[in-house]
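For reference, the structures are reproduced in the following blocks.
Shared chain: chain A. Partners: chain B in the first complex, chain C in the second.
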Partner chain A sequence: MSDKNNPFFVGYLPVPGPLRRFLLLASVLVVATFLLTGLLIGSTQDEPPASGFRFDYGRQTVTGVIELTPYPLLRVTQGNDLIKPGKTLMLTSGGKAGVDMRAMGLEGQLATVSGIILQRGTIDMMQLRGGRQGLAAAEGDPPEMVTEQLGRWKVAGEICDGKCLNGAMRPGRGLAHKACANLCLLGDVPPVFVSTQPIEGSDFMLITGPDGTRLPDAAYNYIGQFISLEGDLERRGDILVLRMDTTTMELIDG
Partner chain B sequence: MNQAELILFIVKLWGAAGALVAIPFLIFGIDRLDEDARGAYVFRPLLVPGILLIWPLILWRWYILADGKDEWSHRYRPRRHNHQWFAMIMPVAIIVIIVAGLSVRQSWPADILPERLAPPAEVSE
Partner chain C sequence: MSVKYIPVQWNRNKWLYDAVMLVGVVLFLWLFIFVSPELLSHEFPINPQVHNARAFGACAFVMLTVILCIGPLARIDRRFLPLLYNRRHFGVMTVFVAITHASYILNWYFAFSSSDKYEALLFANTSYGQLAGFPFEIFGVFALLCLAVLAATSHDFWMKFLTPPVWKRIHSLIYFAYLAVVAHVSLGILQDQQNHTFTVIFIGGALAVAGLHAYAAMLDWRGGDERGADIDGWIDICDAGDIREGFAKIKILPSGDRVAVFRQDGRLSAISNACAHQNGPLGEGRVIDCLVTCPWHGFQYDVTNGRSPAPFTEMVPTYNIRLNGAGVQVHRDANPPGTYVEPVQIEVTA
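Entry: the complex of A and B
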């Protein structure tokens, strides 16, 4: 049987005297524990750098030559105030989707693209508008584009999806972002390698499979983790493209 | 098919099966099981995400309730009975997940420099 002297808490009634101190102490402890835990976990994370959609730039429209690496790039030939000729833009679509299918028929041709820029430091990307408003063939003969071979390199760093790394998600990299990155990459968003140190002046490069193939299956297991790998590097405009050698991919200890 | 694609495929398959359960359940199944739901339709789309997640449980409960095997007095007992275990397991699991996550976390290998292994073989255009 219940003891009538035993205080019993009912949410909508005044708190019984003997329980007040306990309730106050428990409330303070719970709030303090959540605060402290949040601060502790937050302190283990790196500060995400300034990045994201640059809606403040407004919609950008430029023309250039489409190249498939196999991930589509636009080598800008007719730019604007913000995007100068000679620049190379990675292209993506809304959500977790790339523009491979839309760009496929335009390889090597002049095309006009329109969309919003994503930017993180020296790396950027354009999220295209839907349909022909975002990507359409342009009139004229495409100029010849030079690809500069930079040799074979051994690099260390991390494979991310280019869109989240550019600020669509923040921090957009690391182990906690692995599942999101894999979804983006499966949706054909261009993959990007983040190097520990700049290579030929750039910390970031588009990464592909060997011999111009898509990112190999084996790479998906290492997304968001720190790895070393070897590959052939090339420069296309102001962007580097690393063609990885899958057999050299290794997880870095520590 | 890599592991990421396999996981995504399984998730899509699970969701598609959930949709196949949700459609008949929300159109006529729920009317038979819950008299309060009869004539009420606006709330039904709100149940779709939940059904996509726990459709096997929906099917099981649908079968039990429609077959008259349900005993209302036992309806809530299993969950209440297990509350104490979940109350103990959940905070421990949260701590284990956080500690495991931090323990497998790598340090950014800033000391590893890029190394050029070979010069370009040729220049292409």
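Entry: the complex of A and C
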């Protein structure tokens, strides 16, 4: 039923006088809603952890021994002011790609790598330059590298892609980032397990499938989630490597 | 109203409407994108691409929430009807904001790999069997597709081409789109939030949409149009004296359609309550310049034959009408749109 007491609005006619003040108030409320929500949501974003590309360090070039876990690591033997001998670097290419194919023929050999460091806490990764400028065999006999077996561990935490976790993307972990992490891992970017508690002094460890295999397909459903799993832990230089037992992987509530 | 299709029939009120909405959206984005990073002053800031994606995504959610609140608000308080008038423009604006959000996401999270980013969007996460870690992006894709369909068919050409009932059904997709957005946000960004300000705003917005719709539905149920009694094909409407000059009484017919009985110059005429434009409630309008005027978009009809004045061509069905004593009765069967029916003179008692 229409109501003669209410002013009647027709879009192509002037707004009736009594309605003008109401519409002015409604307009102010609409604008205020956008203003307040924009300011509130924008200014309460969580702070990402300290991580990212260290372009401020400049391009780094070091030499060391390539190890395939299968994800390639560089055990640094000839470092520089920033990267000392004994350091272990995870390696990655530009974009969502690892360096597996480039490192494949260099396992156990000396190689020189060059690129930009990604850093998060104690864990370092190098994004290599393209082609032989980024990774090339170096002359000399490789020294023998020690791998310390640390036994079987049960750990709780989250599987991430090492590159985004190290700050290539901020934020670079969590469920909202899961698809991106999966895409990185499918591209052979080294996966990293972020432990809820330090293990052998480290919150982070490179994680692989059992017996030197890649991250198993079953793990992709658990990326970015709070899980527990068991595996064999080893230390390679200053990096821990966890070889997961796929059958022990389970979600943790909360 | 128009005799030909043009992109937008601008008038002063539409300009004002769009300006207000645009100011709101620009303010939101400016504060989020340019002011909030200064306020946050993170040592290692959120990537600009992620920050911008969040800004446009949150803005699209607020815009959709406002859009969906307008409908029930206009049913609860008719003074909100002007906000309904140009809502389609705001809807189209929302699509562009949502597309910008999707572009930032695609060109950041799904770029830089050897795969096509659109393919990557579909295969990167296939954990459909679980709630946590569910590929929430698919809800965003669905919502964006719905909004794109709504925007593409928002013009009056499509309404006439598809017919208002079909067009309205298609545009009910907005509710599915909103549900998909709620799922998209709930299973996505909300899973990672430490600061819950957005969570509170998000839940508040979604509850406002649900609450206003429920309240409006309750008001309709309690005080809505009544069903008329059918006596040999004639439906009782009301006493003739109950209809005020220039206004109407609405009744629901056995077919479920609504009829609006108008009084104009002391004579009664009955036409369909559904406007030929968007099925707006003609009976809630009034007679202006001898023409029934729809409260939604101002479409006008001659109450005696249901035709828009020349050169316009819109028509609505009319109904045969008679007086039974002091009561008004309308025949349950509608006449073809545009059929003239002689108005019934109300006897004036001294």
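In this section, the second predicted complex is superposed on the first by the 208 of 254 C-alpha atoms of A that agree within 3 Å, B and C clash if a C-alpha of one lies under 4 Å from a C-alpha of the other, contacts with A are read in each partner's own complex, and residues count from 1 in each chain.
Convention: contacts are C-beta pairs under 8 Å (C-beta built on N, C-alpha and C of every residue); 3 or more make two chains touch, one makes a residue touch a chain.
What you are looking at is a predicted structure, and each value in this text was computed from that prediction instead of being measured.
J.: Quick one: classify A:10 as touching chain B (first), chain C (second), both or neither.
T.: Only chain C is touched by A:10; chain B is not.
J.: Touch check for A:170: first (chain B), second (chain C), both, or neither?
T.: second
J.: Going by the contact rule set out at the top, does A:154 touch chain B (first), chain C (second), both, or neither?
T.: first
J.: Does the superposition put A:38 against chain B (first), chain C (second), both, or neither?
T.: A:38: touches chain C, not chain B.
J.: For A:230, select first, second, both or neither according to whether it touches chain B, chain C, the two together, or no partner.
T.: first
J.: Return first, second, both or neither, reflecting whether A:52 touches chain B, chain C, both chains, or no partner chain.
T.: Once the two structures are laid over each other on A, A:52 reaches chain C alone.
J.: Under the stated touch criterion, which partner chain does A:196 make contact with: chain B (first), chain C (second), both, or neither?
T.: first
J.: Which partner, chain B or chain C, touches the larger number of chain A residues?
T.: Larger number of chain A residues touched: C.
J.: Residue overlap on chain A between the chain B contact set and the chain C contact set?
T.: Residues 41, 44, 175-176, 182-183, 186, 220-221, 223, 225, which sit in both footprints.
J.: Once bound in the complex, which stretches of chain B touch chain A?
T.: 1-5, 8, 98, 101-102, 104-125
J.: Once bound in the complex, which stretches of chain C touch chain A?
T.: 11-14, 20-21, 23-25, 27-33, 35-36, 39-40, 42-47, 50-51, 54-55, 58-59, 62, 66, 78-83, 85-86, 108-110, 112-115, 120-121, 124-125, 127, 129-130, 132-133, 135-137, 187-189, 191-195, 197-198, 201, 244, 246-250, 283-286, 288, 293, 295, 297-298
J.: Under the touch definition given earlier, write down the residues of chain A that touch chain B in their complex.
T.: Those in contact with chain B are residues 41, 44, 144-157, 175-176, 182-183, 185-186, 195-199, 217-218, 220-221, 223, 225-226, 228, 230, 252, 254.
J.: Which part of chain A faces chain C closely enough to touch in the complex?
T.: Touch residues, chain A against chain C: 1-4, 6-15, 19, 22-23, 26-27, 30-31, 33-35, 37-52, 94-97, 167, 169-171, 174-180, 182-184, 186-187, 220-225, 251.
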